[in-house]
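In what follows, a single structure is set out as structure tokens and then discussed.
So that you can tell them apart, the chains are marked A, B, C and D in the order they are listed, and the count of residues begins at 1 in each.
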Amino acid sequence: MKKVRVGVVGLGNLGELHVRHLQDKIAASEVVAICDVFDERVKAIQEKYEVPTGYTDYDEMLKKEDLDAVAIVTNVQTHKDLIIKACDAKLNIFCEKPLSLDPEECKAIEKKVEENNTKIFTLGFMRRFDPSHAEAMERIRRGEIGKPVLFKSTSLDGVSVIDELLDKCKKGAFHPWFFEMGIHDCDLSRWFLGSEISCAYATGGAYVREEFADYDDYDNGIALATMENGTCATIHVGKAAACSHVEAEIIGTKGTLRINAIPRRNRMQIYKDGYIAEEGIVDFLERWEDAFYLEMANFIDCVLTGRKPEVTVYDGTKSLEMAIVLHKSYMEKRLIKK
Amino acid sequence: MKKVRVGVVGLGNLGELHVRHLQDKIAASEVVAICDVFDERVKAIQEKYEVPTGYTDYDEMLKKEDLDAVAIVTNVQTHKDLIIKACDAKLNIFCEKPLSLDPEECKAIEKKVEENNTKIFTLGFMRRFDPSHAEAMERIRRGEIGKPVLFKSTSLDGVSVIDELLDKCKKGAFHPWFFEMGIHDCDLSRWFLGSEISCAYATGGAYVREEFADYDDYDNGIALATMENGTCATIHVGKAAACSHVEAEIIGTKGTLRINAIPRRNRMQIYKDGYIAEEGIVDFLERWEDAFYLEMANFIDCVLTGRKPEVTVYDGTKSLEMAIVLHKSYMEKRLIKK
Amino acid sequence: MKKVRVGVVGLGNLGELHVRHLQDKIAASEVVAICDVFDERVKAIQEKYEVPTGYTDYDEMLKKEDLDAVAIVTNVQTHKDLIIKACDAKLNIFCEKPLSLDPEECKAIEKKVEENNTKIFTLGFMRRFDPSHAEAMERIRRGEIGKPVLFKSTSLDGVSVIDELLDKCKKGAFHPWFFEMGIHDCDLSRWFLGSEISCAYATGGAYVREEFADYDDYDNGIALATMENGTCATIHVGKAAACSHVEAEIIGTKGTLRINAIPRRNRMQIYKDGYIAEEGIVDFLERWEDAFYLEMANFIDCVLTGRKPEVTVYDGTKSLEMAIVLHKSYMEKRLIKK
Amino acid sequence: MKKVRVGVVGLGNLGELHVRHLQDKIAASEVVAICDVFDERVKAIQEKYEVPTGYTDYDEMLKKEDLDAVAIVTNVQTHKDLIIKACDAKLNIFCEKPLSLDPEECKAIEKKVEENNTKIFTLGFMRRFDPSHAEAMERIRRGEIGKPVLFKSTSLDGVSVIDELLDKCKKGAFHPWFFEMGIHDCDLSRWFLGSEISCAYATGGAYVREEFADYDDYDNGIALATMENGTCATIHVGKAAACSHVEAEIIGTKGTLRINAIPRRNRMQIYKDGYIAEEGIVDFLERWEDAFYLEMANFIDCVLTGRKPEVTVYDGTKSLEMAIVLHKSYMEKRLIKK
């Protein structure tokens, strides 16, 4: 079987995860080159996953390697440039979310992607690939809950990582939580409700770590949005929960679907000292391991078969537009219309 | 033991429930008289619970009977008048929620109640007496979850009663859901967060029964409120759920308490046809039976001991003010400041 | 309404519970007399529940009082004598489980009860009245799970009370656990499976408190029984669990019913320190409060209406015979045939 | 990195699963050859997983291929012969459970494996690798529940596959359920309780499909075993449940660990028609996908590092001896001592 030859740019934890899946766990793909600004990191990942070549220069990788696809896992500021070059190189493209933090930039990317439309382009909205989310959507499409009218989304990181997250804010590596985390909830709101945001009000605060406020950020942000088709969504993002807790509830006219109502880590319970306890999910990598794998396997399958992915460049733009409304409302303390 | 002699006015389902508890299940009280505009209903309840005397005229009951207390379970429009007369009669008073639908009226009631302050006055915010809610508050007061910063409340009636509820709207017996149902969520928001509403945005719709819109009502209403102390609350009220589903989540700076995450009816599960299923709670009477009993037992105990109840006339006013903000926002589609 | 005039003999915790229900919570009954060997206890309960008269002599109570019924809540050794005298006095009788610890004695009681068959006789197998158990049986009778073929029963007290239980063993107030606790599981096995025991093997040990062995007792006893109709039951009794944990699973040819799979105390969860925890049930009084109330209300209703109770004197005999097989197998470490 | 060169013999569903993991999902291994009696099956799997060579003759594969290891996934009758030949070929060996159905044969295998002890030998008791089971054992080793004294195991296939299973019985491809399924429960009983069986009593029946009885089989078999160290185990095996339901409970002197108390398939719930429902696990492949992967990854790691696997040939013998006691008791309807 011909394998899809992939180059991966950006070798943080998530970048490494994608390399591992593409190289070791997806039979139809092989990572032929990797790229990162840190030379040592490149060498380490090359060795660990037997990647033939490594680069610290993206242009050089594109020039020298005979690639079928690139996976872009770098920080958001670089996405536009890397995508445009990949389009010029006529490559299939997987890009991590968010597409960009600037709607204008999104439009420019859209235009470029449209020119390269013989190739696959998709974004890392991996929640759609989580088996529970996928089954929920399947049931919605089968009409099991009638028309979805309300989506309640909760996306909380555990407090155990809050200082690390605060540190990333201080370094400018992270953006306010409605963008970093909430972009997923925005995408799911649009996906499940089948509409775009009309207006929203958001509130919350930096309750657990006041310093987040210095970066226009918060450890609990909560928004209520009305969509253009009259349905609505609540989005609660946070980073101070007892454990990693991402919950979703889709309320329809004929029933309700609920995902991860209790964010238990595995199937074990401990009965002790008068309590019945279950461990909570430790972090997002633990929660979404399957989803990250399935989204990448889906990308490779699209490349091989030419099937169009469900997640498009436009989802990147629209989800950003929604996140901007939420964050703006949080900052300006008023109802924001799109 | 001297029993508290109670007169109950208003003999709907809830009125009968209170009669049953006061007469049959609370040793320290006895229902010596009941009153309702429907003569047949009065006779029926008298016989069923062995109530010595019955009236169709409240004034007559107050005049002829030697009462220690009255329980007012009539429709909200009558509350002010009945409370004032009970105050003049120097009686201990239990009044169902909402206190009134008019803040001015609430003020007048407050003034009158203050004049009668040697007697007990309390309102039927029974959720505070639900064992799970009571334990949650106890843990909050012990500091187990740090400072409460976010309250997420869900109050849904099952769709099985929606037509009956619509019928009550048509008859003018029911008011918009943020008042009828949401008043409880408003009270709990204030109780758990220890603050009053600052502003809120509400949305939703008459998705399942469009006719609700003709009565400024909705089958799903959802609001996001910021409180004066900077904490916030989401309140989702509805009447089209799969079952009676009232859920509460209090998020603190050091932990989270959650009540009724899965609204199961009892302890039974059925494993069949590839599914594991639990029956949902049928209706609010089933859900709150214990709470209704405990709130009334608490009222009787306050009367006997002179202990001041935790739920005061001011909770009635403040909760109404909050409900008004939510409903106004829903109707005007904008952020409403108190 | 004429109230059923009840005399209660035996005023331990359970005796007091029955007095409270009969006197304060069941409108159709009144406790007109109570009896216990301890004079102070009689006086205390009389005052607390306004019981007109108290006795330390059962014969005197029967002679002087005009009773409709007696509730026998004394230790098992006295049951036969008290029941026979109540039969001679032509009274309706409620007797706590176990009926007796001697099958011969059971037969003598059966004979006497048959002579008094114009009156009600029932036993305190209250689990049958627990709403979840009652609903399970109703579903079984409706055929929802086909033919019940296997019953898995778990009856554990929490370790928090183990020393108190050990103390009762030392005082001879308690008998081995297959009798004290297991008698309920035996009754439920017979009820759900519709058959009597054929043979059983039991094992386990005094793992947590070795001293139980000195009294032919154990903190974990587990038995596997085959019933005469070919169905089977596992019964696990214990007194060293993390909380009070009584679970029942009825496996049928077309589905399974499960009761109390997770022995949570109420509807509250706490999310903290990486865990999602629920409090376990504290003790049997907390778990069965409703059931104790409903079984007594049912007894009073039977007395008033003449309806025959479902739990008969024969259930007392048969359940004992089953418990004897389990305990004998535990002691002799072999399969015991009935 | 040098990859472990594996030959897989036996290409049923499970054989294919192992090929997929070894070839596509475990970076450190490659399937260089496969073998099965059905030529078409060999060709199909070769193509699907890009396996260079295929055989219908095991001896030929061992002779021609330069293998590091073999994975034996054939029916149990062939295990001894295939293992002995693999030992003679000085290969690392992974063999599916059960090792054999004859204790004598087990001894012969043990002897041979001991001669080849410079190489790895392990068995497919994959449950030990399930994350929940692994965590439970880790907690037990840390002493979190004190000394394990009682193990309650439930291993049920869903009724949806019962006719397929019955068909395999008729074809002689399947053995009685205490062997096919129960061997896992026997292994876990030994693992968690740290002891071997002393005696057991088993019962149950062919309740749902009477024909199982013609093959000394049953759709529900339940056993109670006492172990040599005085601890005990209940084992319930079946093939007529509402869904695939494998549950384990380890009761210790200081706490209890429970695995898969509710056999939910994923994280999705549906609220509809008055019920809250979760899908049950469909089949064992769905339940144990992770465990099958982790056990094989562990085998490959042992081969590479020379680390001894925890599951040894002796576990195969001992677990069989326990299963024999259970089945014999079921057949002879008496307590069987080992």
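Going forward, a contact is a pair of C-beta atoms (placed from the backbone, for glycine too) under 8 Å apart; a residue touches a chain by one contact, two chains touch by 3 or more.
In UniProt terms, the chains line up like this: A, B, C, D = Gfo/Idh/MocA family oxidoreductase.
Keep in mind that what you see is a predicted model, and the values were worked out from it rather than measured.
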What chains, if any, are shared contacts of chain A and chain B?
-> C, D
For chain C, which other chain has the most distant CA centre?
-> A
Using mean CA coordinates as chain centres, what's the chain C-chain D distance in Å?
-> 42
Would you mind pulling out the distance in Å between where the CA atoms of chain B average out and where those of chain D do?
-> 56
Quick one: chain B and chain C, Cα centre-to-centre, how many Å?
-> 37
Which residues does chain D have that touch at least 2 chains other than itself?
-> 241-242, 255-256, 261-262, 269, 271-273
Write out the stretch or stretches of chain B touching chain A in their complex.
-> 147, 149-150, 152, 201-205, 207-208, 220, 222-224, 226, 230-232, 234, 236, 238, 240-242, 251, 253, 255-256, 261-262, 333-335
Touch list for chain A against partner chain C, complex | 158, 160, 241-243, 245, 262-264, 269, 271-280, 282
Residue ranges of chain C touching chain B (in the complex, touch as defined) | 1, 23-27, 49-50, 130-132, 135-136, 139, 144-145, 254-261, 266-273, 279
